[in-house]
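Here you go, one structure.
A, B, C and D are the chain letters, set down in written order, and residue numbers restart from 1 in every chain.
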């Protein structure tokens, strides 16, 4: 259980790292939406491994095949849309050396105790490969939101910090082509240097991924348990390495005074971004801003203490192909989860008798 | 929508600040569980207003009436258990002065735009009063978990920081009787002084609430979208004032190196608490540790800029009865949400053919 | 579990026959809907016991108190609407005689084995009293559908057969005032005579309840698992005594030829009612017609063979206050379930990009 | 929406008649279950077209490929199990003749109005081909139930009636090899003759499919909305051509007296099958018996009146490859839905504190 996400736009993902394929079934898409496979592929390519020094050298074309849900004209037909992505570059040789030892910081130990599974090649379902289906679904959500919003809604994610190097600026176009998706051009080299040095020492680096969505209408999210930040919080924490989530300037607000923690209200609503575009659990129309605090890749070459499946002490050095910093490839996943949440909100039942005919019901 | 929480243990809450009552319907409780109403009342009392200088002077007995779900012997009967809490101390006079003005930092503005609602007395459904039903349900979950775990599972929450004052120690018994539920006896007075000074200036104070659950079995949470931290993250962000959530040492890990971010594995699993008791989305048996970053109470006496419902600029001073710091009353709500998530995990379908007869299926 | 119904309009019911109260929490209602309590009461009164020779003499005012979900002006506020109905006429004396014996045809035996419950006074949660909450929720759904459809959508139910007496005509206004809600004025007396004779012999009578909904738009229901008849079928079979459900002329169609089983299509769609207003799982705009086959009341005075809770053979004569025929009081419940399903369909996400602004999204 | 079924064992199906593939993602299977692909294939083969005179001549190997969810040893791994079935025999030529005309009794007309879809080749998602994914998932549920019950639980379906020919006996082994899956060997030829005659006249035939499940434990199903018959009713009515559903002797009971409608209770529970193995919505341990009333295949060669997509009157003769009677291929689908419901019940949360360690939690 736990492989289905969403209340109105539901996505069921599948696939292990070293199995035959990964993919997703999307249920709840309205009919008549033009689905351009190239747009799905583009987002998958942004998550694809093997694109720079800072991502695993595993080779995957990540070619998406749409199995269902389209008319002959390429429009959504109102039924479930399935996307298949074959695995190609699974290479279990690196894992043989680990056989029988639990990797610290990984799911190996809990999966063994919960499911009785021996450590799986490539991490099985706990692999980052699992996110390919999410990104494919997120790409479909992006197409949907783009059409609904007449191309004014955008969702982007980039690295706001890499290890101790914090971005002081936000250049989203720069980030898109930066190997670490770092948001600050002036500090991008410094961030890379920090990662390279860690790599040289067989180590990995943590990061902060910032998500920024613009062009949201007022009204996304609902009171109590469906607050927009509750849906986003659950979504972001479902991404493997995320260890903290912040909405707007949440961390700072918690340390301060109320008189500095309320955005004044003007004719267009809140006049600032202290609460990341949300008020009372509902979007305000200002940019949605969240930060995901991402742990360093747990797989490192440096020797660590562990145990084997007999419970005996052991040492382990994980020498496979691993991203030294998860930020660049996690960013598209963070975008995907944001897109899925926003599409889910937009598809939710209309909330006001008088607004039935409004654009976002 | 958005008033129902949980997958297996479902709770449907209801009630506005100034309406007749608040409460909850709980669906999914096994039969044969002894429900002691005093235990429900005890948790409700811990959330109750009017208990110290630092909580609103609104008077509510918060007396819980169980309407259904019990046998004559007081055992759960396997059906839905409904709990009713009458509102008593609603006093709308303070709100008259605000009429027609949106309170900054509140749900007023978004509810108006989403639902067409004028600002509601006491905040309506967006009031903290909404959480009474959650706490009542959480108390029932606590009874359930207590029985399942043979009284070894505990969930507690306290203030790890109040404004800039950070607790350096964790004394959970002390916190229970401290008016701010502050965790560090040595710094408790300093925290109180900070809040008093803010109160004197018509201001309010942010805080960090820490949740600690001990005695969890290994195996709570599931891969992908039902990761324990995903369920908790969604639950915590559904609490009105929460603006960031951290699992274990998540914030620090994101700024550091992988070699310092993995707890070594020993015969009992992880040997440290860097990841707050979770690995691969599944509990490890170590303490579950989360931190909720709580914004300062948005209702302050200090004058703020806002607009009225005609969109005209206005000034506002919110002089009603408001907690100057949300930590002491939010802590029981954080416990409740934790308890509901853990009960939900424990009630989930069994996950392993070989473990059918184990204690937590 | 099992006390929550619906996907978009969710209702959580609670309450046992002899407990303090019964009721419902409704989640998902749009804001701004005028909720007239008298309309809720009217539907509750139609289900109320003690109204004729043919219904139990138990006295209940079934007065509904709305606990939440309304603005001061009586409009829905977009949050959960809770309705409380106190139990008044519970009288357990009749049950003492049964103590320790399982009533045949009742839930006693399975509840004992599944939940460990001794036979509950009045049947506990398995009592027909459970349906009061459904009817209250259905009344709210009726208000909603009435407003959406501009008062053109109607849902009615009546007895199409009582024991062997089959109605040959359908007079819906007549049925509303007939003590058996029998649909055929010419045969109503015959139906009553049949029931009276059974009552005299300490027996009870089965029936067929027909539901007819008019004024549905085209488009209710979705392919595959959310077909309109699938949602209705699940809803109807959840009513205690229902043992078969027929859509349109389903029973007859199954025994015949295809050339007689397709309604021709004309400019307005199907030109007949063979399939009860549904095609491909989706409403056609023609009347929705379903029939519920209702078993005779299991509680009868006639002596039956049973066992006691020790498993020893016993005889039982159930002499409490019981409806001799369930049709008249089950009809409003059938209406309620139909209304809830239709409201649920109408609230579902919009299904077509081009139809966003249409009346039923 | 509407492509996901189940509460605990969730299945998401996909695929159109003439698209690239059909299949299913199964979420909620416990880990450690041996999945023999041959068992999945066997059930798919039972539903496969082209097996006799009475089934469409469309050729499909219906070869199932498992894409995920298994360990290297072929055991379920606790995550989602995806099954892919490529379409091979789609042949749209027969459909060209129909282009622009709505087939009576089909989903064409409602899909056009709801989704804006022109009539789809082969019926698109409304095709019987959609059920391949259900049968694959049902086969997995069968494996699961077989293991849980130690091979004592069986679910079978066969034709209890074909047109006016009613089976007077129940020979389940015979039915398995009969081309119509007819349950009565003595009348099987008569049933075939009736169908052949209809075929000769370009017509089709209705049927009644009976489902019989043996070996159920006591306790499947829950009060109120999750009654076993409610889950089954919703499941059966989701199968395209089903127009009525009967539990036990439901149709007869509705026409009779209470004194003949209660199975006496003995030490093992009910002593008869009047209520089809269910009491109070919960299984009794006796055989589960349901009947599905299946309309005749809507696609017939005989000329029918219809309209084209411009709304103009037209005549239509549907000459493609169609089963003249749906019973033989619908029976495995009815089994699959039964298996999915039973597995879902068995996977539901445990319902009784005292029974935690029992075999079916």
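Heads up, the rule we're going with is that a contact is a pair of C-beta atoms (placed from the backbone, for glycine too) under 8 Å apart; a residue touches a chain by one contact, two chains touch by 3 or more.
The structure displayed is predicted, hence computed values, not measured ones.
Here the chain-to-chain distance from chain A to chain C, counted in touching steps, is 1. Compared with chain A, the chain whose C-alpha mean position is the greatest distance off is C. We define each chain's centre as the mean of its Cα atoms; on that basis chain A and chain D are separated by 38 Å.
If each chain is reduced to the centroid of its CA atoms, chain B and chain D end up 45 Å from each other. If you average the Cα atoms of chain C and of chain D, the two centres end up 26 Å apart. Residue positions of chain D touching 2 or more other chains, listed in rising order: 1-4, 8, 13, 28, 31-32, 78-79, 111, 114-116, 125, 222-224, 348-349, 351-352, 354. On chain D, the positions that touch chain C within their shared complex are 1-5, 13, 102, 104-111, 113-116, 125-126, 130, 161, 163-164, 198, 203-208, 218-219, 222-227, 229-238, 240, 242-251, 253-259, 261-267, 269-270, 275-276, 279-284, 293-300, 302, 304-307, 311, 313, 348-349, 351-352, 354-355.
Chain D contributes residues 8-9, 28, 30-33, 78-79, 147-148, 222-224, 347-354, 356-359, 361 to its touches with chain B in the complex. The part of chain D that touches chain A in the complex is made up of residues 1-4, 8, 10, 12-16, 19-23, 25, 27-28, 31-32, 65-72, 77-82, 84, 111, 114-118, 120-121, 124-125.
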